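Below is one structure, written out as structure tokens; the observations come after it.
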Amino acid sequence: MIEKLGSLIERFKKETLINKLKMLWLLFFIPGLTGIIIRAVSGERLAGYGSYVPWGLWIAVYFHAVGISGGAFAVGVIGYLRGVRGLKENLRTTLIVSAVSLMTGLLAIWLDLGRPFRAYKILVSPNFGSMLDFNAWMYGIFLALVGLVFYLSLNKSGEEKTNDRSGWLVPILSLGVFLSIAYPSQSGAFFGVVDAKPFWSSAILPVLFLTSAVTSGASAMLLVHYYLLGDSANSAGPDEEPFPYLRKIILAGIVVYFLGEFSEYSLALWSPISHIKETILLIMFGRFWWVFWIIHIGGALAGFYLLFRSRSLNRLAAGALIIVTSFISTRLNILIPGQSIPEIRGLNEAFTHPRLSFSYTPTAVEYLVALFVISFGLALFHFSRRLLATFIEKNNGRRQ
Amino acid sequence: MTKKKTKTTPTQRDGDTSAKDAGKNISVLDRKDFISKLFKTGAGTLATTIVGNGMLKSVSSLYAQSKDNRAVKRKFRYGMVIDTRRCVGCRSCVLACKAENKTPSGVSYTVVFEEILENRPNDKPVFMTKPCFHCEHPPCTDVCPVSATFKRERDGIVVVDYERCIGCRYCMTACPYSARWFDFGENYPAIEQNTPWAQVPSPEYKQFRKRKNKQSPVGNVRKCTFCLHLQDEEGKYNKEEGRWPACAKTCTGKAIHFGDLNDPNSEVTVLLRERQYMRLKEELGTSPNCYYLI
Amino acid sequence: MSLLQEYFNDRNKVVKNLKLIFWTACALSLLIGFYGWFVRIVDGHIKANYGSIVTWGLWVAGYIYFIGLSAGSFLVSSLVYVFNYKKFERIGKLAVFTALVTLLMALLSIWADLGHMGRAWHVIVFPNFKSPMAWMIYLYSLYMLLIAVEIYFLLRYDFATGANNSTFKGKIYKLLSLGSKDSTEESKQRDKKVVKRLATAGIPIAILFHGGVGALFGVVSARPHWHSGLFPILFLLSALVSGGALLTLISSIFQQGWSKNKGVIIELGKMVLALLLLDVLFQVSEFLVAYRGGIPGHTAGFDLVLSGPYAWVFWGWQGLIGTVIPILLLIFPTRKSPLWVALAGLLIAAGIFGLRLNIVIPGLAVEEIHGLTSAIYSHRVDPHYFPSISEWALTMGIVGFGMLLFGLGEYFLPKHEEKT
Amino acid sequence: MTKKKTKTTPTQRDGDMSAKDAGKNISPEEAYSFSPVDRKRAISLIGAAIGLGAISTIISRIVPPPAVPEGDGTIRNLPQLKSGGTEGNSDNLIRMQNELRRAMAKPMESRRWLMVIDTRKCVGCHACTVACMAENRLPPGVVYRPVITDQQGRYPRQITRFFPRPCMQCDNPSCVPVCPVRATWKRPDGVVIVDYDKCIGCRYCLTACPYGARTSDFGSYYTEHTPEIQPYEQQPTNEYNKSWSREDHGSPVGNARKCHFCLHRLEQGLLPQCVSTCIGRANYFGDANDATSLAAEMARSGNQVRLLEEKGTKPSVIYLV
């Protein structure tokens, strides 16, 4: 048995990177598929959230994916505009990463809706006074803008014209950078404007959300470029652009994020009377203490160490992987604890039902569906790149 | 030193109390005494005091002593219960407090404010007299950079050490009830014109300070003390003997009730048991010791 | 117009005139300041206009403003000494000196504000570490020490070499060199290393203590206008903006003036513009979150800022003079002229003072319990606060004192030497 | 595929790039800097985006919400009650009933519903909670009016008070502006309602309500794990004067649901179910604009509190203590 396993591992090791990733992907996809089927059949009955904690894991996934989208776009396009090697040739890859993770996020929140098939109403009968609607429109505009940029850059495809930046490409990209910085900040404002939850009602949330978005977006970009290298990753060094550029951004992002978080937490704990002290104690020493100490702090420390030392490209990629996964805790630790403190004393006991509880644990179905969402994103990325490659080849053939 | 002079005027009373205090180790007095000694030994000037060797010694013992003071076990939880239905807004509590503590212009430990109720403009407004609430979790004491203000362990009264306070006014910003007042050194004309009234010292903290320009409490933050100078050596008040907070004693409508909230038979506890009450800004978690009956 | 052009072309003349303006302003401020200090010392707080509702006034605003200038210019100097940013090397020493002078100004300002000035030493002897103020005091004591040592090591070589002159200046150099006579090249290198270490240690201290000043306000949950986790970061950012802006102004007046420091000033202008825009973004975020939320206690302070009796401080002073005009100056081609950039720096540095006022006073001016200010009739229980003449005068005096220190430093301290 | 080629080795990629640039005679600095045209265009685009965003937000704040679909706001004649006397002061309920009918005869804009709950009369029997669930056929996990037990102090110095918590029907509701599809709004008569046909179930309003007064319908049944889901659970609910069937995951499953002062009963001239049921007569309900109504009378007493008033929501439910 053990020998068999050993030989399996040996065989796995011999495979190419792409094949290895494909096998890993199946590990996400197969359980995810069962999850999505259960979600489709049973509705939201098997989800763990309720009416007092109405938002759960899926929303965290959504905000994380949207953050990655905005961050990746901002980092990638600024790199492109500044002419960072590696990013300037791969503008379209940046666009794909951004668009794909945005769509992944939208899938997550779509599955979270109570009535998913009415989602179109957000666009049909809008209320721009609502942050959610404002954000939805921004996503729409952003996706359209990505498409437009894509089209403009395709027109200039071909080896000679890679660096042709005339016309409206650069101005539109600048607008895109503005939007891609604005909407992760708005995700923070999304929570910041909710007074009902004292923990959320703070002006620092937009800043924290933006920093988290840029950090995880840059990590995602680093991973994507690692993936682009394919099997030649072992021969390339960590000093080759764009890795140092992305590495610096990630490191700075981690530092700024924790500075902001330190400022928020220390103020609340220092303050003799504070509305949010209870929430922060819940985060640090509550039932999910490990999310804060192990995933959030531990993950960031490990990632920071790997990226800071940057001995080899593999380590760099490992650091980025740790950051991009562990930074979902920045969303979870704002989302769930903010809802877990009742504003009215005694509401928890007034009427007892599992849905009317202030403690939230994600159920198996929620985890499975989250896995599906992630695998969906990965697959979408892979296929859109394939599609793009064939499309460009065809297009070039016709033009030349 | 100046303190010595102020001590001599109300000879008998003052001598008694300070002797008692020194023996029994209570109240802020001891620290004040220490500092006044310290000033004396410090050859009068500030610079030498700081450098002086004796200074450091006395400071350390002073600090230890202040810690001892805090370690005294909690005996009382003094609090007020104010009946808004009985309050007619006559403001005699404000005046009584002024007369008792000799507070200058611009300092008023208790104020009465009125709120005209929505929907009934012709009715009696709700009057609320507002002393310091002596919160269970006072936000003002934590922010003091020099620990000059603290909650006394034995009876829960929040006090200010006039000798230690540097007058930075941080505690005033931290108090959500505006219960602290800064003494700007302004005086009523009676003091300015040096009438006999000016000779009467303020009995606050049993320190019997006479009002002098630029000496404490001028330049200090001042606040309601529940008239703790009227306590006996065990920290008890006595209503019959008139040793009772001035505002509660004077209230014409009998709206202010004062007593020990730890005693299950005291006036205040009985009222709280039988009537409906509320406290101001409870959402801040300060847990005030003043209750309003409604 | 052409006359003006001609005038500006004669650079030496402009620098000379700038210095004349500078010394006149300094003397005037000092003169007014004497009156302010006289009143403060003789009458105590009676002549000050703050009260028991608005407990902190102009002096506290001045204090956080000056301390911000200090932290900001120190962080700029650390660009040179820690991160080896060559472009600013010319003004490295000047920036450290600015940090020291503005720190002294800040301490003077808060010292005047204490109810008992003679008891300022209590905070060192009886600290309460639960209070952010005690932490802040300890941190800036450490910071002051650090800057003083750093400035000594920065200038020690020059002192040691200059001490041989028998002129008056030489004697002063001898005094300031603290007996060090080592003027070898190795000692210069050693000093450089020491400075780098000190500057590196100074960065976290500067960030912490200025963030700590923000925390001093942020922890006060009794004042919803202040109680925000964003405050420490907002303070830091404003500090960097004001420090950088002041440095553009100072480097156009001192040392070789704006003709030689042209590159530095323009570069600083770019940095200040970026930071200012970020600062504006943060403030907008504060306003938006407050107003979208709409908790009455939370918006009351912002209402005062935007439409209170002193709304002109926000719209006119902080908004127009401190933000819009300098941004325009720094965006349009005027960004290439050091004189205009220095003007923008002056405007920003002045505008940030409005920002500090708008932090301190509206946060306090909202009555905490409805009806309190009508419960008692006293001018000390009044939400309307406008600094009194003596308050203004004292602050002017502090500014004059700072200018005097700059002037003396310019005259006595060694200048940045061009490398040959 | 261009990328593949450039990716092969780092050195080669370098060579490619420089060769390209050299061929076009563009220095790298030039190629990767903003031209003045680019800057102008970028600034105008971003400016336009900011302007559009600001305008759309402002307009959405200024423009009144869409017209109320139900309630014609005309003077109506309600059927007379057959049982019980309707005259005199025999019972508070009768008096309130009459006042209610008087208010319903007015146009919707000129009445404003108000609920006053006397906590001194409330005994904590939870009858209102149960009556509400029966009236609105609430599934598990959905509750409009739980009764909160508030205990102050410790035995023997203890007070126990009960606070039934309906929706506060705030005058400044924080749940309304956050809805992305305008599916919830405040009617002119003060009731905050949800349009089940419009709601997409994003639950933003649930998080925005500080009272926890909104709950989400997850589509479960009390008799779910028994041999048969009982037909009485599947009966449609008649909220908002319409029959809503739960079958096939139909609305209100997946929607946000909340107390609406039993609007469908008001339309028939009946008091809200919780008020009718209350065994202690602790509830008063009526038109705040009618100064003579019992509820308005009770709302003038001094011993009143409103929950979480500091949030600025201005609740229409008043507690007497």
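Going in written order, the chains are labelled A, B, C and D, and every chain counts its residues from 1.
Rule of thumb we're sticking to: contacts are C-beta pairs under 8 Å (C-beta built on N, C-alpha and C of every residue); 3 or more make two chains touch, one makes a residue touch a chain.
Nothing here was measured: the structure is a model prediction, and the numbers come from that model.
Trainee: Using each chain's Cα centroid, which is most distant from the centroid of chain C?
Mentor: Comparing chain centres, D lies farthest from chain C.
Trainee: Starting from the mean Cα coordinates of chain A and chain B, work out the distance between those two points in Å.
Mentor: 56
Trainee: Between chain C and chain D, what is the gap in Å from one C-alpha centre to the other?
Mentor: So the centroids are 49 Å from each other.
Trainee: Cα centroid separation between chain A and chain D, in whole Å?
Mentor: From the centre of chain A to the centre of chain D is 31 Å.
Trainee: Just give me the whole-number Å value for how far the CA centre of chain B lies from that of chain C.
Mentor: 38
Trainee: Among all residues of chain C, which ones touch two or more of the remaining chains?
Mentor: 130, 132, 219-222, 294-295
Trainee: For chain D, jot down the residues that touch at least 2 other chains.
Mentor: 174, 308, 310-312 - these are the residues of chain D that touch more than one other chain.
Trainee: What parts of chain B, by residue number, touch at least two of the other chains?
Mentor: Only 139, 142-143, 174, 176, 281, 283-284 qualify.
Trainee: Once you draw an edge for every pair of touching chains, what topology comes out, line, ring, star, complete or other?
Mentor: Contact map by chain: complete.
Trainee: Can you tell me which positions in chain C touch chain D when the two form their complex?
Mentor: Chain C residues touching chain D: 294-297.
Trainee: Using the touch rule from the top, collect the residues of chain A that touch chain C in their complex.
Mentor: Against chain C, chain A makes touches at 131, 185, 189, 192-195, 201-207, 259-260, 263-264, 266-268, 270-275.
Trainee: Touching chain A in the complex: which residues of chain C?
Mentor: Contact set of chain C toward chain A: 130, 132, 211, 214-215, 218-222, 227-233, 282, 285-286, 288-290, 292-295, 298.
Trainee: Would you tell me which residues of chain B are touching chain D in their complex?
Mentor: Going through chain B, the ones touching chain D are 84-85, 117, 119-120, 123, 126, 264, 269, 272-273, 276, 278, 281, 283, 294.
Trainee: Report the residues of chain B in contact with chain A in the complex, numbered from low to high.
Mentor: Residues 137-143, 174, 176, 283-286 of chain B touch chain A in their complex.
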